[in-house]
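In order of appearance the chains are A, B, C and D, and numbering begins at 1 in each one.
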Amino acid sequence: MQKITKEQLTEKAVSLLRDGTVTHVLGWSAGEFDYDITPAVFSDEASLRKSFVWNDFCGANFSKYLVSKTRGIEGKLLVFLKPCDTYSFNQLLTEHRFDREKVYAIGIPCEGMADIDKVKAICGDGISSVNCDGEKLLVQSIYEDAPISVSPSDVLAERCVNCKSKKHVAYDELMGEDGDVLDSARFDEVSRIEAMSPDERFLFWQNELSRCIRCNACRDACPACTCEVCVFNNPRSGVENKSPANNFEEQMFHIIRAFHVAGRCTDCGECSRVCPQNIPLHLLNRKFIKEMNECYGEYQAGETVGSKSPLTDYTLEDLEPGEVFDRGDINA
Amino acid sequence: MRKCSLNSLQSVFGKIASSALLYLPVDSADGRAVFSKWDDGTPLSNALNTVRSPKDFFFPQTEDLMRFKTEGKSIEVIDVREETEDFVVFGVRACDVKSFDILDRVFLAEPRDSYYASRRDHGVIVSLACTRPSETCFCSTFGIDAASPAGDVSCWKTESEMFWQANTEKGEALIKKIEELTEECSDEAVKEQQEKTARIMKKLPLAGLNTDAFGGGKTEELFDRPEWTELSEACLGCGTCTFVCPTCQCYDIKDFNTGNGVIRYRCWDSCMYSEFTKMAHGNNRLSQKERFRQRFMHKLVYYPENNDGLFSCVGCGRCLSKCPISMNIAKVMKKLGGE
Amino acid sequence: MQRIGVFVCWCGSNIAGTVDVAAVADALKNEPGVVFSTDYQYMCSQAGQDLIVSSVKEYSLTGLVICSCSPRMHEVTFRKTAAAAGLNPYMVEIANIREQCSWVHKEMPIGTEKAIILGKAAVAKVNLNAPLTPGESPVTKRALVIGGGIAGIQTALDIADAGFPVDIVEKKPTIGGKMAQLDKTFPTLDCAACILTPKMVDVAQHENVRIFSYSEVTDVKGFIGNFDVTIKKNARYVNEDICTGCGDCVTKCPQKKVPNEFNLGMDNRSAIYIPFAQAVPKVATIDPAHCTMLKTGKCGVCSKVCKAKAIDYTQKDEYITEKYGAIVVATGFDPISMDKFDEFAYSQSPDVITSLEFERLTNAAGPTAGKLLRPSDGEHPQKIVFVQCVGSRCDSCSEKGKEYCSKICCMYTAKHAMLTRDKYPDTEVYVFYIDVRTPGKNFDEFYRRAVEEYGVHYIKGMVGKVTPEGKKLMVRASDLLDGKQLNIDADLVVLAAAIEPDKSARSLATMLTASMDTNDFFTEAHPKLRPVESPTAGVFLSGTCQGPKDIPETVSQAGAAAAKVIGLLAKDKLKGNPCVASSDELMCNGCSSCEKVCPYGAITYEDKEFRMPDRTTRIRRVASVNPAVCQGCGCCTVACPSGAMDLRGFMNEQIMAEVDAICK
Amino acid sequence: MQVKEYKPLIVAFCCNWCSYAGADLAGNNRLNYPAEVKIIRVPCSCRVNPMFILRAFQRGADGVILCGCHPGDCHYTSGNYFTRRRMAMLFSMLDFLGIERERTRVEWVSAAEGAKFAATMTEFAEQVAALGENKRLEDLRCKK
């Protein structure tokens, strides 16, 4: 279902390696079952041809890897960026987190990524391969003789269902066509929770956050979380811990995390994608984005390099903290 | 061997729960199986396994060890341990049952971990045979038969019946308790199910994965293999694999100042974390590659070296499905084992 | 581990009346780190301080907690005590058990309980205190005064007299400002020019003063004691050093139809001009917008007639960068535009004028040589209506005017009315007012003379509409005291236009990181106690840029600002506030979040080489705080995602320790 | 048995220049307000990290109020404008999580507003008392 093929990307990477434009390629490496794809740095043609892959399960946002992978390399690093990744790319540049000169960025179109859990919900466990025939995903299970045909739209990852933009905001080169910023319904779920009573909201989040095992996957996958030392690892910060000792710490971890990335979060959705406990963490970040949009004017982190986030800015007429609660009533 | 019809399963559960807390895998609202406390009518999940392993019952993620209280300039140590209630964990899969062998060797060896031991003493493990393994399963690699789970009691579930087999004294006692609700039976149906499962196991994508390249004594051979760089390249350093793993047993002991005293507690730690075993001089494993290598060397080399060849992986596949970047022990074994 | 001494003050009965001080001292004895705890009647007295000093010695104390009155009261005192005892002054914390405890709680058990908790919080904080030493920075002994009106002139003169070099930057071709345009000054009626022009000459001839006229400040960098300022000298196409100010060029210039801004456009000047006879510097300036030579390349008359050969059509704008230790803002005011006040027919009739225009009409050097003549026909007006508060004291939703009172209008209108009646007794003069405000020395007497001796008709009420009818201006107004509508057929209507800060002030404020209020007046560092300092260290305020003022007030503020500047420049080195932000370079991401919120521009970034925990060496971008610029607000500490930025004296850990102590 | 009257615990962060001085003025004028209010002095309201507020709740505070100079009057020119945004966002997030909005407040109190300080604290203490103990953002470990 992706418009651009693995072969096109491989050839592009090979030619850029050959002509010396880049010395390394940040790409996806094939796994055991087609869906378990691992980001990898390739530096030679043979390994590219052997392991490089591009399919409907290449969800990982590569921007964050640029922070570590551009260090200590001689030449340039080629990175393939989906539209949503480009926002993180710009945001990291805004924060001076990697050297732009070290990167050759190719924007690639994305038709949305599939969620293996959704595939399994339809096809059951025991999936040995997932292929695409151009239109449909063909899912082979060890329990079935023939592959099961699945419509990509039925298994689209949650964040892709509410894709905010098919437009690349940063690249050196674009493959395929650029898209547009979309009019997504990404805030609907936030609005739904806002409409609950405080008690319902509390129960909702208790139920969600109580599952947290503090594995830090959300933090470690988050492109906005590139701190040299994370406050949760710093004993002097007052919030350091390795496991959530109780409800309070579960809540606090996520409130602080959301606050730390507020104004810097590009809404890439990695946090929810990687959460082993399926906690919809992106909703906390989206709440901040929605709130800042409504209170301080539309702002998309990473849309441009060097922009000032709403929390590092102000106007004389900003609403008072007590007024954030009543806006809904006023608007209604 | 005894059996009961699935229709009467809830009464059996009720009977068990009458004298001990009963936990079993239950489907949560978002479609995952979670070990939950049984209440009247709580249905057993059909899912293959839970996201979190049953390790949590015996080695919880955090537990208070003691408290200190200061009064003026004196200090008092308070034991905060509460008497563990008897409990039964039902529906533990063969792989997870095996994990307790591995944990026992760590926590029950001298010096015995009395916190863990107390829970082991009070807990009864009722296993449940697998019939529909996932592509991520590779328990057979470690000599585990998914169709013949160990535990205090082993269970097999067919279309209409549940079969029960006691393996230990504790198991006998449990079976005795539900004697009235179950009947003596032959093991024919179970045998049939086991054969069927065995055939499926052979078809699993990871069926060929073997441990030939690993085990005690392989440290020098494996430690400096260049493949570690590539394997650990994308590792984010999160603790997902360790925290869903049924055999990871590392913990940290920390003090929390409540303002009214200090709680000394322990909590899971992950060797993937940059602060793992941090000491006054700093960290002893400084790069993610070193930390990554530690985890797999521990499971595949160090642990077997110290434990009669027993690997500390049970092939449950949780890390395969949960790793944010899909790097896992199966890929490591394939890569280092020469695919 | 600290060795903390706790000293609980009775403050006579002020504290001891509602707080059991002995119980507080006793309760705090067992707090972590506390090795000594006592109470005493007056801790701030010499005996009390001696007790502290001797206790420090006796118990080898490293930190002090004083449970007493507000730190705003005696923190400095006890810091000095600590220093006298050989401790770092910043090893002291005050628990405010008077203003915030004993004085607001009446029952002894409640007051005592709270005092203990406040004491515990202070102990918890002091446990984490570290000795702090203020940083030092050198002072450039030169001041910059922006604006050359009476405020700027007075400030410059006072600073220069104290022996420090001063530069004045004035955007107009001459210094003098608004005061140079005035006729007489209230309430003494001395002639503005007679008192101002000597000062202009003084300042121009002062060896310590340089005047950059026809110039603007375009960039300000640096901080108190060390400003780098870029000044743009606009091309005046006349070599200032050679021009003798003879005026031949002005007389001969063929382009004479340029509205004369000095006379508010009521007459014309030539394209090359000297604003007025007493201008300083008295040199000609070519107005490039009207000069035929500059526009078309054809003319050159001035160049031909100039005996000094001072004309230079090729002159370019020039940029000068100079270092200063202090900056004084004296940018002054302007009357607001009357565009939005159509009801007064200002744009319809030349006989509706503003008070400043009236000032020029009565000025001997003005367009009518001091004769009060109607601009429309040059006839003598028989009936004059003065309208007060045009654009002043408007309600907050008004889009036309200002909410504030312009302060000077009541008095200059009384002056205008009185002078008119004095010179032209046959003229009827009406003044419409909301209130007449005369709170100044001899002000009310002056106003009463206008009414009682000179027979000016003061009418409480506002003018609703002015309609030109033939040669007359029909003024419709209400008399609030009589409850009548009035119709007056006036010959001249004078509007007391509100004053507002000069338009250039806003961009200047941005350059200086000095704050302004909603009306664009500069904000003082403290409205009562630091009225001539801006919140930005090293930037001072003089005159109406800070708010409406009359001349004596302006001059006194100018002197006060000068005194502050002299005090600053007299120092060789500045000691900073040690409670400043500092960044832990090992944790800093170099993300620029802190820089974006710093109101002082105190944070810069540098690339530094670090040896990382994984044994690699890396060049990292890290923040560094200039302690001389940082004022210690702490905004950056919250903006910092990693917590690398912390505030000395108010560290994260210290504040959290206080929270913990209060909540336990 | 006599039930002990419930007294909420309130932490008030006050900026040094305006609100702390306002609190002092309340003292000078002997204006009563509940003793449950405990003030922590900070240089500017913008020094208050949202973490401090969470910390206070964790440690058992039932309400947290942050006081600073009126917008436009900040001693540091712009600190309270940042505070305003930060706190608006924090409050909105706490509300989103179902934590009672009445437990947090920002109030601008000038050095001249001793009466406002006392009245605000009295009113806020009553408001928090009406809510009862903080249960939604508490850390049970810190309970006595």
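In this section, a contact is a pair of C-beta atoms (placed from the backbone, for glycine too) under 8 Å apart; a residue touches a chain by one contact, two chains touch by 3 or more.
From a predicted model like this one, the values you see are computed outputs, not experimental measurements.
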Comparing A-C against A-B, which pair counts more contacting C-beta pairs?
A-B
Report the chain whose mean Cα position is at the greatest distance from that of chain A.
C
Closest to the centroid of all CA atoms, by its own CA mean, is chain D
Chain C and chain D have mean C-alpha positions lying a whole-number Å distance apart equal to 33
Measuring from the mean C-alpha position of chain A to the mean C-alpha position of chain C, what distance in angstrom results?
49
So, in whole Å, the Cα centroid of chain B is separated from that of chain C by 71
Multi-partner residues of chain C (each touching 2 or more other chains)
518, 597, 639, 652, 656, 660, 663-664
In chain D, the residues touching two or more other chains are 50-51, 55, 59-60, 72, 78, 82, 86, 141-142
If I count partner chains per residue in chain B, which residues reach a count of at least 2?
256, 258-260, 274
Chain D residues touching chain C - in the complex, by the definition given at the top:
9, 11, 16, 20-21, 23-28, 30-33, 35, 38-44, 46-52, 55-56, 59-61, 72-79, 82, 86, 118, 142
Which residues, counting only chain C, touch chain D once they are in their complex?
70-73, 96, 98-101, 103-106, 110-111, 113-114, 117-118, 121, 513-515, 517-518, 523, 525, 535-536, 579, 597, 599, 631-635, 637-639, 647, 650, 652, 655-656, 658-660, 662-664
Listed in rising order, chain A residues that touch chain C in their complex are 71-72, 94-97, 226-231, 234, 236-238, 260-261, 264, 308, 311-313, 316
Please output the residues of chain A touching chain D within their complex, sorted ascending.
190, 193-194, 196, 198-206, 237-239, 245-246, 248-249, 251-252, 255-256, 258-259, 262, 284, 287-288, 291-292, 295-296, 310-316, 318-325
Within their complex, state which residues of chain C touch chain A.
518, 586-593, 596-597, 605, 616, 618, 620-621, 639, 641-644, 652-653, 656
